[in-house]
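Per-chain residue numbering starts at 1, and chain names A, B, C and D are given in the order in which the chains are listed.
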Amino acid sequence: MISIKDSVHDHIEVDGVAEALLDTPIVQRLRRIRQLGTVSYVYPSANHTRFEHSLGVYHLADRALSNLGIEGTNAARIRAAALLHDTGHGPYSHNLEDLVYRQTGRYHDEIDDLLTEGEVADVLRDHGLSPSAVADLVRGDGKYGQLVSGELDVDRMDYLVRDAHHTGVPYGTIDTGRLVRELDFTEGELVLGEGNVQTGESLLLARALMNPTVYSHHVARISKAMLRRAAEGLLRADATDAWELRRMDDDDLRVALRQCGETAEYARRLDTRDLYKRAVWAEYDVVDDELIDADHDTIREYEREVAAEAGVDAEQVVLDVPSRPDIPESTSRVVVNGQVRRLRDQSTLVKAVMRVQKDQWRLGVYAPRDVTEQVGHAAESVLGLDLDALVSDIRGSRTATLDEFEEARDE
Amino acid sequence: MISIKDSVHDHIEVDGVAEALLDTPIVQRLRRIRQLGTVSYVYPSANHTRFEHSLGVYHLADRALSNLGIEGTNAARIRAAALLHDTGHGPYSHNLEDLVYRQTGRYHDEIDDLLTEGEVADVLRDHGLSPSAVADLVRGDGKYGQLVSGELDVDRMDYLVRDAHHTGVPYGTIDTGRLVRELDFTEGELVLGEGNVQTGESLLLARALMNPTVYSHHVARISKAMLRRAAEGLLRADATDAWELRRMDDDDLRVALRQCGETAEYARRLDTRDLYKRAVWAEYDVVDDELIDADHDTIREYEREVAAEAGVDAEQVVLDVPSRPDIPESTSRVVVNGQVRRLRDQSTLVKAVMRVQKDQWRLGVYAPRDVTEQVGHAAESVLGLDLDALVSDIRGSRTATLDEFEEARDE
Amino acid sequence: MISIKDSVHDHIEVDGVAEALLDTPIVQRLRRIRQLGTVSYVYPSANHTRFEHSLGVYHLADRALSNLGIEGTNAARIRAAALLHDTGHGPYSHNLEDLVYRQTGRYHDEIDDLLTEGEVADVLRDHGLSPSAVADLVRGDGKYGQLVSGELDVDRMDYLVRDAHHTGVPYGTIDTGRLVRELDFTEGELVLGEGNVQTGESLLLARALMNPTVYSHHVARISKAMLRRAAEGLLRADATDAWELRRMDDDDLRVALRQCGETAEYARRLDTRDLYKRAVWAEYDVVDDELIDADHDTIREYEREVAAEAGVDAEQVVLDVPSRPDIPESTSRVVVNGQVRRLRDQSTLVKAVMRVQKDQWRLGVYAPRDVTEQVGHAAESVLGLDLDALVSDIRGSRTATLDEFEEARDE
Amino acid sequence: MISIKDSVHDHIEVDGVAEALLDTPIVQRLRRIRQLGTVSYVYPSANHTRFEHSLGVYHLADRALSNLGIEGTNAARIRAAALLHDTGHGPYSHNLEDLVYRQTGRYHDEIDDLLTEGEVADVLRDHGLSPSAVADLVRGDGKYGQLVSGELDVDRMDYLVRDAHHTGVPYGTIDTGRLVRELDFTEGELVLGEGNVQTGESLLLARALMNPTVYSHHVARISKAMLRRAAEGLLRADATDAWELRRMDDDDLRVALRQCGETAEYARRLDTRDLYKRAVWAEYDVVDDELIDADHDTIREYEREVAAEAGVDAEQVVLDVPSRPDIPESTSRVVVNGQVRRLRDQSTLVKAVMRVQKDQWRLGVYAPRDVTEQVGHAAESVLGLDLDALVSDIRGSRTATLDEFEEARDE
């Protein structure tokens, strides 16, 4: 058994199969994948990695298992899955997921390739565990998969407190001790035990406050969109392919962008924080359903149209359309007076949080600072947006009010 | 200038009139008034006092003034009011307020007596300040009174983080730095500046989560209700009068209860945490409006009736009816797109929090453990409550689900 | 099993004999004994109690036992002893120990009376534990007594972090997780395992820094000396006796001082922080051995002489002579290259800390502010001190340089 | 003015010349230089960067200036120097300093090139500041240079608390508020004001405890030595030159090592934490002075000899000889009884810390795990070390006892 010092959970004791997995290359690679991707452009302290997060998830899983009295092979599988749950991520965490998926047809589930062959599979088998059973848990399948990837999984418990610790934004400070202690299985469902409506609410509210302040801060979204566009440039220039791209670490990607002529300008902008600005920042109800559901090629087509209309280069317009608002934790189950209920049916606050997701949703069009005005007008026209005003007009009434800490000279 | 080390704000620098006020007996007395009254029966670390809280409020006021650019006499008055704002509290903080008010006809506003005569008035005048102007600020009057006692006052900013620090419950961890920095005056109203809907929301959500978990935890309410009944016993026995009672500190009250024969049993119970238990714990919609609005004498009458019906001594029944749900922060103002708006009109979350207050409201009837069942039945009948089940019946469906950390073997 | 939320260790789970002991009056009394006595005159946030500390000690003992693999009766006894270890304290913690001892002949070890009869003894026996065996552990007797009261006991691990948390002084922030994990028994001695010289050093250095900054801050010493003198007044006036005094809680003592005519002036001074000031603050090497070793009656005699010489009332001179410098943790054992060694033989830092104790030692003479000068001169002469200058002469060279955070207008 | 959220100091407000400097490429590059180089192999949370540290140093400088009453051009220069003080660092912080120095003849002071020409120089001049005057401050020259780079500089105040926050090791938790408040200039020297011997001691003790636990942990030293050897390989293979190397960021270096055939094996080992182990770990007094003072070429020669003697490849032996023990803070000045004194003359503890540096000094010889034994014997013989035992012999008596948290399966 080894003991690892963690800035969030203090000492994490790792043994058995987890100890053996720690030294495998796909786990060590997580040391070089930032947990929050481009969020460090907003919160400069947010440089923590998927590696320490994975240790934290392992630790919380371990405590939950101990409270639930789960032992033996099931417990070993869950511990392994907790440590491995993020090994499938590409560089810059979620930032490039869509991109890789479009090219490879694999989304998240290359996890099978990673876990069922090679060194990790050997280690798992050496400890009497079936690699495919562990991969199932990582995907959230089965009763115990809920602990690793579900509405009440230990993944989000770790990332909320860890992201709070490293960004300095206190909203994610949940009571992980209580949450882990109150997890229970009722009729095969992972639930919070009696007396924990509020415990469940606190988890959702933490996410509801962290979301616009941290995860969807507009500067993080802009830099993420630029990074995605740059990575597409790499693929287009045949500097890499999607299969290779998804196994890069953050170092590889940064350097590849610098070394490829077609992406060097993006690299320069990202390296010097010379980011695009918002030309449009539009609320949910002024955006057509068709646009929200548009596929990748259609969005690229819109970008070209907007650029043409504005008289700028196509690379100078980035259209960023988030998926429809959703809040998976709202289906968390909690026991109330002996019956299992969904949190969203039980809690007025949770219902409100679901509505808030829609209020906070924004479509963004980004462009270099000196062309935001013409790009804004062009986008308004091409995308059929009925805006009261452009972002460039002193934060017009359809624009965001979410301008949290910016480190920032942006609109 | 002196520098005082605080466990929450680190160093607090105190000078001018505040430094002179620090040594007055009515400020020093706050060292012996617990901030959270009987909450330490639930959270044993919660022994912080009104004195350190008052220093914290002074500190946040000072920082807000500096950000707002307020100087001179107005600033000095506000600093004095911030330090003095709690000097009117009786022992055990809010626990005895109603009681003292009923007897003295003074509620909160004995503050005039305290500040406009005696040593404090002398100190204020020595520093060129009008005692009655400072008293006005403590009561929240006028433009600047909003900073000391209003929806966005620095009082609640301090107590949320301080109570979180000392209870160990993380929900109160708000971003005081940002809040204080974003305060502004627009058309004479204290508001949060542009881009701070979420900042305002975070303040309300912190209260919404701290409320049932800490401030209104049933064990805190039970012990508070017992303390109030005991204090009434002191008055009835002429062991003290309301004027004297309200100037006691916590030490005085504890010892007075022990020394008076009629209250010795309450003192024993409070000293040994041998508290009453819930016989009834009823939701808002099963309680008649008449009962919610009943005055003190009527409630005492109900208690006697319930006791008679249950065949127990009148001192063994405590009826605890909170005031109607309310959430003052919801009227906080925030600037959105250049216009001042009320937070509750702007925020879906805040509307939800207002509804939640009602969901969380509970009427309680408390009794010694061995008679909760007969007292429960009697209360159900006398008070006309339509309960699905009593608390003694395995947490029946009309009972609370708020049973947070209890230190506790209670129902 | 119950779970108690603690501001330092988060959740503390209490069960078995400890859960049953929690509700006994002598444990509940600890809620009303401040952990740091009069230190809150210097650090206003330091209002934590012996009760929460006792829970913390129980918690660390529990974790140490789990790491050491100790189970069964021995473990249950140690847990009980950890929770009970402070029940023998009088009001205001250590402040009155000497006083009570002189009168009762019992020092610390009235613990036998408390644990071997009455409710606690019954609870212990109900759980199959011998009360006298538990009392032995509290006194630090036997192999396992070292865990509860010894150089490496969990008592000091808890109080260092707890006092740091509540005072805001960071020096006590040790790594309790590592300390508890590295405890081991070698040849019947409690030691820190291989590779932990530094772990041991960190514990001593934490104490070495907390000592002058917190525990022996001159304002804490002055108020403690005044409180002791006041308590003697109570005894002299027959307002109480030593047996009763030692079972008071802080509330009782404060009120008793107010109610007794002979101590009312001390009570007023303590209630309003109108404390004596230093008239003399003398280093170790200018104080005669005879004076350092003087007994209580001799010291009272000196006080009277100084008062007479200075022409002031005897109650206006307080002579405060600490015991000789000592540092018990320095005999802590640690394993180095397979051999058990004493930390002080192994660590240059520890040797230095031992010397520092002497450097920091100070004899104090205290008096009301307006007579410090004449009392200073009188004390210099009566006590035969060869001072370069009095405290009143701009911090003369024989005076302290330890004037940490004062909240303070003192010399 | 902008406000940046920091995980250590909360809000950092940046304006004037500092705000303008923030966006320059040489400052933005610091986002990609880890503060603690290879320490994250021991403490996986330690991924914080020179960028956030530079903001922290700026912040503490700003507070110190405000306390010292320094304004105008001097203050602006100091703020600029604080923000820029680390821009001269190569990749992986201090890890490659010697290497670059040997090749370029520039050590630390390429700072002149960086600050006195190009964009930074333009920004400085635009704000009326002389670039060379700012460069002087960065080098610690002149009265005010002491604030930026001296025994009491704000640099070390920031890194101690920041490294503690991110590693989770509490020893660095100093009281920055007090330190910054107590800085003063006396006769042109930066000192701690009267009453701060302990404040100064706490700074040194924090370093004394962080040093072996964090900064010189053997796993951090091994990985640093491997990285240095790998970087030499890059130069030898002409994959880069020293001038280019020193302006790389961490990403560039990692990828360059992977892309160069001669360093690919080092890259693989570093990427997968397949690190060398200690073959020798020798105390100060068994190492010849000649060896301690050996220059780079001599050390390489020794390595080759040891490898030949052990029959292994030259790349498999790494000899790591730290410079002689030193403790710059010990010359810190503090005012005692009105006179400026050096802390080491005043404090027994500081003298002890100086001796401890020597106790903790270790010469290391590292090799792949499977050849440590033969390399150990060869090194013992070639280097003339009189060891009691090799590291491979159960932690022989001349080996370290400093094996703190390892994340680690190393000797």
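Structural remarks
Going forward, a residue touches a chain if its C-beta (ideal position, glycine included) is under 8 Å from a C-beta of that chain, and two chains touch if they have at least 3 such contacts.
Molecules present, by chain and UniProt name: A, B, C, D = HD domain-containing protein.
Everything numeric in this text was worked out from a predicted model, so none of it was measured.
Annotation: the chain C:chain D pair of sequence copies touches via predominantly the same residues, more than half of the used numbers being shared. Each of A-D and B-D has its own count of C-beta contacts, and the greater count is at A-D. Between chain B and chain D, the centres computed from C-alpha atoms are 50 Å apart. For the pair chain C and chain D, the distance between C-alpha centroids works out to 40 Å.
Measuring from the averaged C-alpha position of chain A to that of chain D gives a distance of 34 Å. Counting partner chains per residue, chain D has residues 3, 10-11, 169, 178, 405 touching two or more of them. Of all residues in chain A, only 169-171, 173-175, 178, 194-198, 201-202, 205, 208-209, 212-213, 336-338, 348-349, 351-353, 355-356, 359, 394-397, 399, 401-405 touch chain B in the complex they form. Within the complex formed with chain A, the chain D residues making contact are 2-8, 10-11, 23-25, 28-29, 31-32, 40, 43-49, 51-52, 55, 165-169, 250-252, 254-255, 258, 271-274, 405-409. Partner chain D is touched in their complex by these residues of chain B: 3, 10-11, 177-178, 181.
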